[in-house]
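Here come two complexes built around chain A, the first alongside chain B, the second alongside chain C.
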Partner chain A sequence: MDAAFFTAWIDEIARAVTAGRERLTRLDAAIGDADHGANLDRGFTAVREALAAKPPATPGAVLTLAGTTLIRKVGGASGPLYGTALRQMGAALGSAPEVTAGELAAALEAGVAGVRKLGGAEEGDKTMVDALAPAARALTAAVAGGLKDGEALAAARAAAEEGARTAVPLQARKGRASYLGERSAGHEDPGAASTVLILTALHTTATR
Partner chain B sequence: MKKLINTAESMVTDALAGMAAAHPGLRVDAGNRVVYRRSAPERGKVGLVSGGGSGHEPLHGGFVGYGMLDAACPGEVFTSPVPDQVIEATKGVDGGAGVLHIVKNYTGDVLNFEMAAELCAEERLEVATVLVNDDVAVKDSLYTAGRRGTGATVFVEKIAGALAEAGASLAEVAKVGEEVNARSRSFGVALTSCTVPAAGKPTFELEESEIELGIGIHGEPGRTRAPAAPARDLARAAVDALHDDMPLSGDTLVMVNGMGGTPLIELYVVYAEVAARLREKGATPARSLVGNYITSLDMQGFSVTVCRLTDELTRLWDAPVETPALRWGR
Partner chain C sequence: MSAGPRVGIVLISHSDALAREAVALVVGIAGDGVAVAPAGGTDDGLLGTSVDKVAAAIVRVDQGAGVVLIPDLGSSVLTARLLEEPGSVVIADVPFVEGAIGAAVAAGTGASLRAVLDAAEDARVYRKL
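And then the complex of A and B:
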């Protein structure tokens, strides 16, 4: 997987976020403040423009620029959190021109660690970590189990979906939904939902 | 959705242009989205920077001026500003005595201000932070993101601003800000939700006969839904929630704040009940603010914020201020 692959992933995320904007905003309206779709749409559109303006040469550089752009353009909690995830991934991939699925798995684990450290959320707090952490684990396990890239990324996607579903009945303990107390239970977390979009985009990019 | 906007996307930029046109005492950097006091930076004075999502006007831009903030960083509607804005504002108000960041306790605001403060520190800018978390509707526990910053932000900005104007050090200004926050509590009630322009419809729906208790300032649902009730009952419920959390006594500074869509006459109806209930609890409403100071777009409802005053805090509250939204004594 080279810089073109990761640029295509970002393009696919931007497309999926634009298409899913209304749904993300609706989820956020239920237990937050109704801006998650608009913010991510604005953010990934800016990332796509930044990558087009100055195409980076390596996977690590693509993700670092994407993360920095999110931090600089989005605001809210999702900008710094997704920005940090991508920047940590970029740093983990270093300056290699091509990376393996195993290296991507390690980078995704580094991204999860960055999000945990910055936001303080653990699995079960009903946040993006509920989808992101299982996805990283599943990717690591799939690569160790010798699955092909496409199958390994399918496993990561499925784990993210399962993680987001598992968080639905939970009561939020971090972020704005936590203000609702037990009223947050029964709703899908918008951050977990956008993480599913991002992991789905990764699988889509790898299998077309 | 009917709104006085050109487009949802340009709303914040268009409003900033309006602030610049309306208030010659301000300097608006539209590109970086920072509202400055025209005289900033002031040599030797601690600079005060606040910011947060837009949609809470007059907070924060309306509180930029003599005796209050030196700069404000407005984000998108209900979305915190980005670190670049805060860094730009911090540099722009640094007069050599350091800069105080006043941050409302929301995950996004905290993350973006923290990132900005770290980068400022790398550039040897002296920054201190006061985190405002006065909303009693949220339990401060391991199981929440902590109490929200709401009405007390206005008090912190005014009182810390007055002390900075008097020439105090960064440590002293930060300390008084923390003291005001520690002595203040808020509680909010909504009669309606609000409509985020980019979303196009109300964030939640309430029946004619329902209200939300324990709301914040982002149109989000509150802790509980309850039947609508006379203003007296709602005002009492709000004061009682404050008193249960922090017993109220002595001189108090009381704000009855409109959420953006509430007629002023209703706020005065509420204020009468709030003042009466405070007296029943043994507190004296010594200073008051009634009006729209920290809003939630077009939401109808009110919040009550009470600060237990000391002589020093009263003196700083009374000190001259000259901003678009608060002005007296000058």
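And then the complex of A and C:
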């Protein structure tokens, strides 16, 4: 997987976020402040423009620029969180011109660690970590088990979906939804939902 | 009163107006010798946080004695954490208004970064009644 692959992933995320913007906003209106769809749409549109203006040469540079742009442009909590995840991934991938699925798995684990450290959320707190952490674990396990790239990324996507579903009945302990206490239970977390979009975009990019 | 560099304070809010008014309140109570700056709202003036605004405010209040960041909640906290520098740019985990006033009064006396942070954190246990 090279810089073009990761740029295509970001393009696919931007497309999926624009298409899913109303759904993310609806989820966020139920237990948050109804800005998640608009914030991510603005953020990933800016990322796509930044990558087009000055195409980076390596996967690490693509993800680092994407993360920095999200941090600067989003304005909501998802900017620093996804921005940190992508920057940590970029740092983990270093300056290699191409990376393997195993290296991507290790980078995703580093991204999850960055999000956990910044936001202080653990699995079960009903946040993006509930989808992101299982996805990273599934990708690592799939690669270790010898699965092909497309199959490994399908496993990561499925784990993110399952993680987001598992968080639905939970009560939020981090983020804006935590102010609602038990009234947050029964709603899908918008951060977990957008993480599913991002992991789905990765699988889509690898298999088309 | 110390004549040396004072600890700077940045008030980070989702709202540009809230951050500015909080600064006005703090200066009114602690005096205009305190280096305190607002960083509220997004770059286009909406509710949210701008890392560029916060970074610029840090530069504006930094006299060399350190800077205390006081965020309101959510993305303000996460953005502040991205700009933390142990020993020089630190976050106070405190009620926004009360913490800001506590920090500013201490900073106005020429207190150290540690002492200003402690003064802000006293606001967490300060009872109004």
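Here is the rule we go by: the second predicted complex is superposed on the first by the 208 of 208 C-alpha atoms of A that agree within 3 Å, B and C clash if a C-alpha of one lies under 4 Å from a C-alpha of the other, contacts with A are read in each partner's own complex, and residues count from 1 in each chain.
Throughout what follows, contacts are C-beta pairs under 8 Å (C-beta built on N, C-alpha and C of every residue); 3 or more make two chains touch, one makes a residue touch a chain.
This one's a predicted model, so the numbers in the text were calculated from it and none came from an experiment.
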Based on the superposition on chain A, does the combination of chain B and chain C result in a clash or a fit? clash
Which partner does A:R183 reach: the first (chain B), the second (chain C), both, or neither? first
Does the superposition put A:G119 against chain B (first), chain C (second), both, or neither? both
Contact breadth on chain A, by residue count: chain C or chain B: B
Contacts for A:K174 in the overlay, against chain B (first) and chain C (second): which applies, first, second, both or neither? first
Would you check which partner chain A:A29 touches, where first means chain B only, second means chain C only, and both and neither mean what they say? first
Check: chain A residues flagged as touching chain B and also chain C 33, 35, 39, 71-72, 74-77, 79-81, 118-119, 175-176
Touch list for chain A against partner chain C, complex: 33, 35, 39, 71-72, 74-77, 79-81, 84, 118-119, 175-176
For chain A, which residues are in contact with chain B within the complex? 25, 29-35, 38-39, 42, 71-81, 118-119, 171, 173-176, 178-181, 183
The answer for chain B against chain A in the complex is residues 53, 75-84, 106-108, 111-112, 115, 137-139, 142-145, 148, 196, 198-199, 203-204, 216, 218-221, 223
Which stretch or stretches of chain C touch chain A in the complex? 42-43, 46-52, 74-75, 78-79, 81-82
